[in-house]
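You will see chain A twice below: alongside chain B first, and alongside chain C after that.
Our next item is the complex of A and B:
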């Protein structure tokens, strides 16, 4: 790519190319498909947390109108488990198949599935299925119950890290804090409920699935049904977001596909909102002990971060809260460790910035506590421990502009005007608190394939199996093609989210941009080479010329002698439809650099003690994620992550009844998420925009997760500044602030 | 597959007439069918989304006789003779409606799933003299529409930039 082209389109603020489809209601999500002769499935979900199914009484349900079949553990086809390998691209988090046996491991587990002719009939019959259980008297509903009587925690060896002598260095440190933070179970709650529309023809499965990863979904379904992957196609051109909950296949999709094959009709299954809290993953609750040692100059001398989270009784999921702790600050003596313990929950899964979001709440709160102990400005304390080297990998960061993020964020926010004394800043009835925290996320890049065509009608076409989950992937793929060809965005057609397209990454981990764009660029250049080969052949516009002497710019092929021909004419002259290019690009280069993104949040809260009202009134976030591809969609990602971070700080917790083990707020009204009225008066996102060319040719590191990291700590630190209350358990509740 | 294919326990479907997106439509509905399920499952107008089926998220919002409602909380049989507008009825002559154009320009969405509901509420808010025109008033009036992607800042900008155009 040339600098000139980049200046035009890479980094530009462009409206989404798929916008009109979404705005007209024409974008088709998984449950929008109505296939001929389609039946509807509705689940029966366990109403006990743990136990065994004694009897399922179908007598009433089977007589209900429109019922076609009712599946359960004694009436369900034998299927296979997936090996659940990330490397083989068939990973799931819940490996147990639906209806495998009569055991119940968590509330909300599928225990039966009604298939009927209409949605209303399927639901009515599902409500009429009667299930008798032998329920365990003492289910494990919470992390604290698990710690009391859940047996020995399991250490997660692979994600731990240790260097120096953290324990002895801590003991001999001049200034020490030893604090424990607790984060709750959070539920992703994408607006679109999980949905599967499955159909079979001649033994081949086509599945419209609300999926962040159609290739993984295809491979899992192939394993489960014992088919060659070519016989399964998974489509997810539009998805009502996922935040991690739609990365992997969950039991409902397998149930829907199996039911469709059994009844010989297409079947649609939507997971009700209530069960999206139980059987489609969640961010598990954590308890994290942090010990920090520092000298009197504010240099870290020791840091330990030991964490435990609940997992399900059937699978192990590690919430790697120490993933940022091990490299964010300069510290020779450091340990992070993770452990898990079983609870009667569905299997947890990645939720936006897994590990980092709860982990940085703990670390960045603790950094604030230590700054207070040292009587230092919390910003200066962080700067004093800045490092340009990832000590956990013993490699330099490929590109780090954290100091600039600190400075630009602080300047825009007005941090220099902070009076560090608690409760010292007031505005009328409100006490103002100012807090800050760093943000941090790993930059990842995977293998990717792509196809690009230059078409005789003046358009271009690009395809890749990766998805656009609302992040803007359709648009940045078109920008990448445009940056090389000069073809305007409105002439570029992009198709994504179908496992029959060239293999592309899951939309997760903030790696879709860095993974997909280099493949698109390579495929575009390959298409140009194909065009040149046609042009220099017999009857071509540059017959007899050498391919190397031709150049492609702004939609035209040119030689060095001033001859220039539009690519449409090159193709038209030969009666060719298009020139195609394909590409395969590798993962991130290994061994030379640590690739990570950085940033800083500055948050103002206002606490009105007279009416006990707390709100986030102002946020400034400076974000260092390498090259920005689309300023509009990038800023939107960070603003949305800030909103989710406010939710994590102030509202979100999935609650379980410790007696019954059942969830108590599993709906969209009682699980509080931020709404319009919760938004700050102002949110300013500063995108630093320093390309990281060591990572990939676009210099982009991805932007989906980083904005949520550190946000809850910045809010909690601001709350401490306003109220003097150090809240170490999320969410921050009014009763915690009102208590003496 | 139509919602009316199977009668339950001797209960028969009712015939109602709607003025739907400017067109007169006669439909047969069972008494338990919600307006949302009528739109999505019988008429295949899937631009209106189901996000919770409990009136908690706003994704299913439509206009009924000029007022915005949660279509999942309203039975279809109650709407005989009503004028109903869904997202599919917003644009005229193929042009984007001003609120759609503003959502495009301001990037007032990410995944697009709550967008129809946001726009239906927004056009109601903009045409309601009892709702103030300040940012706070708009945020309050639109708080029944959850956007889990958190595009709230841009949605507010889109609504305010459409003021006076609808």
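Our next item is the complex of A and C:
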């Protein structure tokens, strides 16, 4: 382990260094690129949920102005599937290629692609394509339909866990609950549409893609087109967020690149909002049975969490809802299991805090139910089952401050003043409810490469093929360089989001920070070593000195004997442009610790029974994610996650018609996400900021996802406290609370 | 978007002349028309642009009525001093609708002409008698929680009229002034929107080529107070699950006059006349309000997912009447 990095710039509250570019409209997103001679593609999307294409009538569309070509399953180049492996860095969730055959597996599937000279002409012609289908009479549109007639669920063996004797321990427990929770399909809905701008030159592909993972995207496109990876470049310097939907390549990117090669022009394809609900992934609906056994002192004696989610008819995606359950609380007898069942939907994918978000809704609701049964304060019940050991891995947590999160959150919120009786707290027409829940997320770290240059003009340059998905990665990379060199942020240029840069991680799983920063730090040190080697060489500022005797601080090389030279002078003296460093850093250390992040949400809701109005009025969240790199962007991540958690609790559900299998609310008006007016009057984020140096030299574990986890349960528990209603199916809608 | 012929009109008469039959559309703010053209649900062959016609004035008439030009934006109308002072229900209704940017574009005439939000109307393929007469109504037996009605429905259509503004106008009472090939005429606001009945494709009383030029609000009821309450899942930017626009005049604690109109629950902006009658002469108490609210939903038809709109609509009436009659500090 290298030294701990404890510079002042680490943890500082800094505005995004890319903010001005975004403010001025200079940040170029995938669909902002309008290349010379570019054509535009627009999809024709299946209007049946399941079936086969009988006939595609192009007669009218082909006559439309500006149409260049129309692709479909009988007119599309032969391509290869990608293996879909995380280890090989070519993972996708939907393995079926677009236009592979005439089968329809879900509504909103690409069935044709019109390429025309303008976007408007492409869209008009797409509307004029007539497709006749033989539709299956009974498509599977929902999880309940799948469970009724979808055949045998498939067990996901690798994500399960069992210890002790969960079933018999449950049966012999003094206090027991057996409850089932249901979460709906949810859709990521980033503001920026999925978009691909593809161009080919001499058989090489350049793809501007709204992507959370340019390396994976490059590798997948290389596999699909049968090319060496060096012949593909994927660029995604800015994306209008993704929430997981832009982690992997979806059919539109392949369709755009293939179309571009076929028509011999650059092609841009923007996925319409309606199809961002169908063909670019979603969080699948889940049904989760939880059984908890506890003794009279509130100690857990058994815990089982058995979950099933829908997947597509062609691929298996497991929503691992039990991923937190297996280690959050102390319990010797425990099982989590996952299964999947097919439905006529596009393939699901990771959505911010996959598994944990629906999983902790279930677990943390169930914990509240058990606390109620035991007549215990729900906070005390959780504390009674606190553990510092990950029993699923039989390893200690590297750093856990959950108790502090509980205590600080409770204190700030005023939890001690809670009257535990249901409906007991009132304010005018409103009944106030207070609920809480724990948060939890795995800390991950991947391999990473990086390059850093110290430049003669007094600036530094850092690059890595990771991405800034709006979270502040550009800024924290600059902070990492600054923490070692003392070069101020405004003199550090950072380039991310291009597969030609040193290989970096997918921006997902909350691992970009813990993965990228150590590589940047290592590359920075390596650049300093290069600088030293120049300095001690002939004609150098410290000619004849030993590299080990030189130190670099605040932009200067010093020899310890009082001589100090600015690095710009060291380079200038030798007429050198820069000193470069590269690095490769490994994934998380294995075998000694379980690395996880923790936290707690405390939520106040207000229920006005006279008009059936429910609002979240106050949130306090205490978050334990190790060292905070940038207080401003970190708090922003948690605040955004709280908003998303409110959406999950109260609004979001992607709905399909049970008869036709067609989506019914695939637009921004009827798929409800929280708006500004839904934000609580007060949101307090407490960042505990205890560095976890066992994990990496910055002590940071990552913060993108944990804020979503537990939030829906905290809201549901508050709703129960206000109304006495235990809502086990999300979203919590007013009609569920209205009935007597 | 399919191509269409575009013509900008420089006078009301020129607009009417340019509008050539069923395949033509007028466009003002475009917040409904352009949306529906983009998703291929409306396919006008000719679009007549009425932006710029001299219909931007709000004029107080000598008889106490208020004449509103069809091109007055929702924002301008909501903040017009006379509307704020004398027609609070209208100002509040306008401001509860859509978003600031939409209200800046949306016009008075266009808002009256809003189309329904039913997903089966908008998906282009499901059975929908509005979009394709005779094809059926997929909303019945389908997803009908949010934008489907319990009042004024038929076996052919159950979509709500989505406007908030129109609910306030229904409460206030108004005339819609229109100009067509045969000259000008006025249509009572309550007769303007049609119940779906057996022909849900016919949504309003305009004849082919007629253009709305003004809405004239009735004079305010002497000594009345009014308010609009919109209930929905999220706090903003959602069509009403149930809304209530009320105007009440009291003498002492007795209700002298009352108007109740409902949104989010009816297939047209819904005036609850019987409920109003039941209030007049009664004391302004919760009991009276509850009784009126019950009467307002007499004969309501719940569908698979929207039965809650009946008690919710009743709550909207009770709370808005409570506000409109509360003692002022």
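Operating definition for what follows: the second predicted complex is superposed on the first by the 734 of 740 C-alpha atoms of A that agree within 3 Å, B and C clash if a C-alpha of one lies under 4 Å from a C-alpha of the other, contacts with A are read in each partner's own complex, and residues count from 1 in each chain.
The rule is simple: a residue touches a chain if its C-beta (ideal position, glycine included) is under 8 Å from a C-beta of that chain, and two chains touch if they have at least 3 such contacts.
Remember, it's a predicted structure, so these values are computed and weren't measured experimentally.
Chemist: Go through the superposed model and pick first if A:677 touches only chain B, second if only chain C, both, or neither.
Modeler: After superposing on A, A:677 lies in contact with both chain B and chain C.
Chemist: By the touch definition at the top of the document, which applies to A:38: first (chain B), second (chain C), both, or neither?
Modeler: A:38: touches chain B, not chain C.
Chemist: Could you look at A:192 and tell me whether it touches chain B, chain C, both or neither (first, second, both, neither)?
Modeler: In the superposition, A:192 touches chain B alone.
Chemist: Quick one: is A:386 in contact with chain B, with chain C, with both, or with neither? Answer first, second, both or neither.
Modeler: After superposing on A, A:386 lies clear of both chain B and chain C.
Chemist: Give one of first, second, both or neither to describe whether A:65 is in contact with chain B, with chain C, with both, or with none.
Modeler: Both partners, chain B and chain C.
Chemist: What is the contact status of A:738 with respect to chain B (first) and chain C (second): first, second, both, or neither?
Modeler: In the superposed model, A:738 contacts chain C only, not chain B.
Chemist: Considering only the touch criterion stated at the top, classify A:632 as touching first (chain B), second (chain C), both, or neither.
Modeler: Only chain B; A:632 stays clear of chain C.
Chemist: Touching A:117 in the superposition: chain B (first), chain C (second), both, neither?
Modeler: A:117 sits against chain B, while chain C stays out of touch.
Chemist: Comparing chain B against chain C, which has contacts with more of the residues in chain A?
Modeler: Chain A has more residues touched by B than by the other partner.
Chemist: With the two structures laid over each other on chain A, which partner does A:693 touch: chain B (first), chain C (second), both, or neither?
Modeler: In the superposition, A:693 contacts neither chain B nor chain C.
Chemist: Find the residues of chain A that appear in the contact set with chain B and again in the contact set with chain C.
Modeler: On chain A, the overlap between the chain B and chain C contacts is residues 65, 120, 124, 667, 669, 674-677.
Chemist: Give the list of chain C residues in touch with chain A in this complex.
Modeler: Contacts found on chain C: 1-3, 38-40, 117, 119-120, 122-126, 138, 141-143, 146-147, 229, 231, 233-239, 241, 307-308, 311-312, 315-316, 318-319.
Chemist: Touching chain B in the complex: which residues of chain A?
Modeler: Spelled out, the residues of chain A in touch with chain B are 15-16, 18-20, 22-29, 31-32, 34, 37-39, 64-66, 117-121, 124, 189-193, 238-241, 243, 270, 272-273, 469-472, 632-633, 636-637, 639-644, 667-669, 673-677, 679, 681, 683.
Chemist: In the complex, go through chain B and note every residue touching chain A.
Modeler: 1-3, 5-9, 30, 32-33, 37, 40-41, 44-54, 56-57, 59, 86-88, 90-91, 96, 100, 103-105, 107, 109-116, 119, 135, 138-140, 142-156
Chemist: Per the contact definition, I'd like the list of chain A residues that touch chain C in the complex.
Modeler: 47, 65, 120, 123-124, 127-128, 274, 610-613, 615, 650-651, 655, 657-660, 662-665, 667, 669-670, 672, 674-678, 733-735, 738
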